[in-house]
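Residue numbering begins at 1 within each chain, and the chains themselves are lettered A, B and C in the order written.
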Amino acid sequence: MRRFLFWALLCLLAGFLPSAAAQTAAPGSDPGAALLETLDVDSYRDKGEAITAIVQSDDERAREWLQALLDGRLQRADDGRFVVVLDNAGRNWPVEDALTGEALGEMSRRELDRIGINNALRNQLRSAIAVVDLISPDVERRRSSADRLLGEVDEALAETLVPVIEEAEDDYVRRRLGQALAIYQAENGEMAGVEALSGSLHPRARVALNRAASGDDPVVADAARAALASVEQNLKLNRGVETLYFGLSLGSVLVLAAIGLAITFGVMGVINMAHGELMMLGAYTTWMMQQLLPGQPGLALVLSIPAGFLVAALVGIAIERGVIQFLKGRPLETLLATFGISLILQQLVRTVISPLNRTVITPEWMSGSLVINDALSLTLNRLYVMGFALFVFAALMLVMRRTRLGLEVRAVTQNRAMARAMGIRATRVDILTFALGSGVAGLAGVALSQLTNVGPNLGQNYIIDSFMVVVFGGVGNLWGTLVAGLSLGVINQVLEPWAGAVLAKIIVLVFIILFIQKRPRGLFPQKGRAAEG
Amino acid sequence: MSLHSTSGRFWLARPFHERATQIFLGVLLAALVIVTVLHVALPRGHALHVNAYTVNLFGKYLSYALLAVAVDLVWGYLGILSLGHGAFFAIGGYAMGMYLMRQIGERGTYGHPVLPDFMVFLNWESLPWYWHGFDMAWFAFAMVLLAPGLLALVFGFLAFRSRVTGVYLSIITQALTFALMLAFFRNEMGFGGNNGLTDFREILGFNLRSSDTRLGLFIASGVALALGYILCRAIVTSKLGRVCVATRDAEARTRFIGYRVERFQLFVFVVSAMLAGVAGALYVPQVGIINPSEFSPLFSIEIVLWVALGGRATLYGAVIGAILVNYAKTVFTGVMPDAWLFALGGLFVLVTVLLPRGVAGLLPGFTRRADHQPKEASA
Amino acid sequence: MSLLQEIRTRDRVFDFMTPRASRVDVRHGPILYLEDVTVSFDGFKAIDKLNLTIDDGELRCIIGPNGAGKTTMMDIITGKTRPDAGSVWFGSRHNLLQMTEPEIASLGVGRKFQKPTVFEALSVFENLELAMAADKRIFPTLTARLTGEIQDRIEEVLETIGLTGLRFQPAGILSHGQKQWLEIGMLLMQRPRLLLVDEPVAGMTEQEMERTAELLTSLAGKQSVVVVEHDMGFVRSIARQVTVLHQGSVLAEGSMDQVSNDPKVVEVYLGADDEEIA
């Protein structure tokens, strides 16, 4: 099968290249050496023929040579050997022998002579590499090669592609090549291509359809316009999904930031204005871990999860013991005192670490994105943060619903005096609750370090938003926080395109103020006499 | 007792019969006279000469003091902790700034007869509608009261009607000023964006850079503070003031004896916002600039610290607190700027934990009566 | 009484704005009329189809085990809680469900809370002054002067509640019993048509209890009084008409003797808790 394909493609190349290549291999020696020799000529036309020859040579090293040639890394040393430059930064370049693949150490750029190419050759090389790749045993390579052919197909290639498409084992490759063919056909005003491209999201497909729409044949032009409309429709849908994704991503950050606040506020009636700074500490913990474990950002990040929780929780306990316990029953004073703490923490970071932002490295498994289709790809770091937010939420739910601590916390929330009378040590519950809420803030910081800059103002930027989430969702209700956080995130992202980021924020704030008119106790209020407090 | 001996009088006359107010007004008057005399009568270079810079600085403190009195009126007596009073201050300041901008006339960098420089710079063709009228002093000065008053009216109406109180209200007011800050940062708003309004030349025909004008503004700030203080004192010594305290301590109960609590809250809130607006209007010509940073939540919460430090529900405590903190800020930022935020943060903690009555609580003759430790409803 | 007239004609400026019926209409007998009132919190029915009629000038005691819905009923009458269904009329003209708490209060419904709530930062005198029936709009309140007439009335009530000596002390320093009395005094200053009194004698000595009983019975006739109380001795000493609430609706109604012999009532009390009904 693969053999057949290969020959089909060879014919194709032979067809569209200037002429058939002349094989001038010296007998006895490596045939590759002769092939490369033909490249080192002055005429670009001859070089083109040499390239064709290389493709047809069935030599395993062909792809590597072509790629090196394309990149300008295929060079000839002063001693006549062909070498591939591995890294052309600096004065001395590490090289390897193009024929044997043997490392030759470093060579001075003066000893080397590049085999030049021009634009026409560059195009030819790209197609040639794609063709070579299409028959590669590696599926990934076949796929990316098919991707590259979109919009690059010409008459000769088109003909050859037909059987290739039929024979392709891989679904993705078949679809992609089909698309590539359809784009070529649509550009030439062929009905089949236009029809096939209906709803296709690739930008080249739209270019092709646009061309077809302004073509001579009215029937085809109409069909192209219809196809374009369906493409637009599809694009809109995908943009919607993308907005939703960004909204949910922002929302999950808000949930992470707000949920710790919801716990301390809901249970203790304590407004902790330093909550944002606890997040900041979590983010800095991540940075610190990465400094301690250089070269292992992934491991450092994973370890930061418990570390960030602990650091923030300990600072939280210090705040509770040091300040908040003396302000029991005076929520407004607590608000002011914790605000003071937030100023101190911020300034502390500025003085001790730096007023400038620190970079936290995103580990490899979290970077990149998940490609859904040509118009939609989801960045992985956001996906991870979303998952993390849900995980934290579920864990908190479990703690509140299934553990002794959760039971005591709920008891204290509902009736402090009664809970004490029943032997619950309310002070201990306060400390643990505050530690829990603060620890979750630390976790939020760890997550945020993957999305934004880590700086002394990190917390400040989220504090008002997270309060809005708590107010919107209703105090003392974790579900409310989840729903409120996600919906505020989505609302924000939906508004942003037409209102701008700042105005979107303002609209959301006004919306919440108006919302409180209707439901002063948030989306999920506590009902009954307990709520009257 | 003193309260009942004055309760039969006309409400605006009552403060003059109070010992504390008499002392306060006396001290304020003495301060105004002394500074003026030391500035005008003594030659430059004399050891006791108060230079124009210092007069200007004192004038700034006095406008801050008026702002603090406005915050104390709502926080101390009504139990509403507004973390957004900076917004009213800033709006009053912007109203004044718009007047001062229009007074520049053709003397701006671009020399446009009507448009302020920043609008010319943004290629605006004509004045936005809300800039009209600000070339007239009476209109601008009316706006200094009306614009913050209107914002407070709308916001307060919505908030109090739905019985948003306690920390919720604090958070919402903070969100309000935050939203306004974001809005004013936008160039499209027509208030000069990031840079705000500046390069003022004259007020009511007086050159803003002359030391006489600065002295005049200083005295005007002192007079405004005195008037604002008397008005607030008259409110808190009236029966309405007692309704406020009743609302602060037991809102539901106040409702059940027949007072429409939300209207009282709204009334006092609007009065307070207007006073804050006046303070802002006096502040702007003295510092020569108004920009969106006055809307920052940090500034609003700092005002609350002044009041807390001075001692809430006393009014004169607010004045003391505003002057003390701002003097400390001037000194600190001059000597070691980095330490200021530590000092400020520490103050927040120390005052709330160790000095709940503020400095006023340390003064001799501080009566517990009307200023009995306020009890707050938990949210 | 002139002050009372004043609050009843609150909107003096425009005649056409005068409320249709500012005067409570009791020509048909009842001053308070609750019909099929139901309210539930999270599915729990605190009040279940409650029907209750209070006649003008009547003194009514309401008893019932904990959770019978007594306080919730008070909340509904005073506008604090909105019922899910049913209607509440004050006289035959005023639908209380369409009015706010201050409106209901100025109409003449006074309430004493279970837990005494007085304005602790204000003096005893000021507490009474605020409660007094007067024009309670903003500007009249701002410009209000303390006239000799008002002072006399406050002194009179101070005398009645026995707090004359403490009149310039902040209410916060009063004992529990004294706070109860101050609250009753505030009710008297309001001159309500209907007094709702929630557990008036909790925390009172035997003597104070007697005086309270005396005061409440002396009020009846001029004003209607509804007393919610746990103390059966106290109820027996003042009650003419007793209503027993159970699980949010009326279980029995009648004189104290009738009620305490009702087998249903006995069962509820003996079954629900150890409290004796007699």
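The definition used in the following text is that contacts are C-beta pairs under 8 Å (C-beta built on N, C-alpha and C of every residue); 3 or more make two chains touch, one makes a residue touch a chain.
Keep in mind that what you see is a predicted model, and the values were worked out from it rather than measured.
Undergrad: So which chain ends up in the middle if you average the CA atoms?
TA: When every chain is reduced to its C-alpha mean, the one closest to the whole-protein mean is B.
Undergrad: Using C-alpha centres only, name the chain that sits farthest from chain B.
TA: Max centre-to-centre separation from chain B belongs to A.
Undergrad: With chain centres defined as C-alpha means, what is the inter-centre distance between chain B and chain C in Å?
TA: That pair's centroid distance is 43 Å.
Undergrad: Can you check how far apart chain A and chain B are, centre to centre, with Cα atoms defining each centre and the answer in Å?
TA: Taking the average C-alpha coordinate of chain A and of chain B, the gap between them is 48 Å.
Undergrad: Report the inter-centroid distance (CA atoms only) between chain A and chain C in whole Å.
TA: 65
Undergrad: Residues of chain C that touch two or more other chains: which are they?
TA: Answer for chain C, listing residues that touch two or more other chains: there are none.
Undergrad: In their complex, what parts of chain B are in touch with chain A?
TA: Residue positions touching the partner: 75, 81, 155, 158-159, 161-164, 166-168, 170-172, 174-176, 178-179, 182-183, 185-186, 297, 301, 304-305, 308, 338, 341-342, 344-349, 351-353, 356, 376-379.
Undergrad: Touching chain B in the complex: which residues of chain A?
TA: Residues 265, 269, 271, 323, 326-327, 329-337, 339-344, 346-348, 350-351, 464, 467-468, 471, 475, 502-503, 505-506, 509-510, 512-514, 516-518, 520, 533.
Undergrad: Looking at the complex, which residues from chain C come into contact with chain B?
TA: Counting only chain C, the residues touching chain B are 7, 78, 80, 100-102, 105-106, 110-111, 113, 117-123, 125-126, 129-131, 133, 136-138, 141-147, 151, 168, 170, 172, 186, 190.
Undergrad: Would you pull the chain B residues touching chain C in the complex into a rising list?
TA: Residues in contact with chain C: 1, 3-4, 7-11, 235, 238-240, 242-243, 245-246, 248-250, 252-261, 263-264, 267, 368-375.
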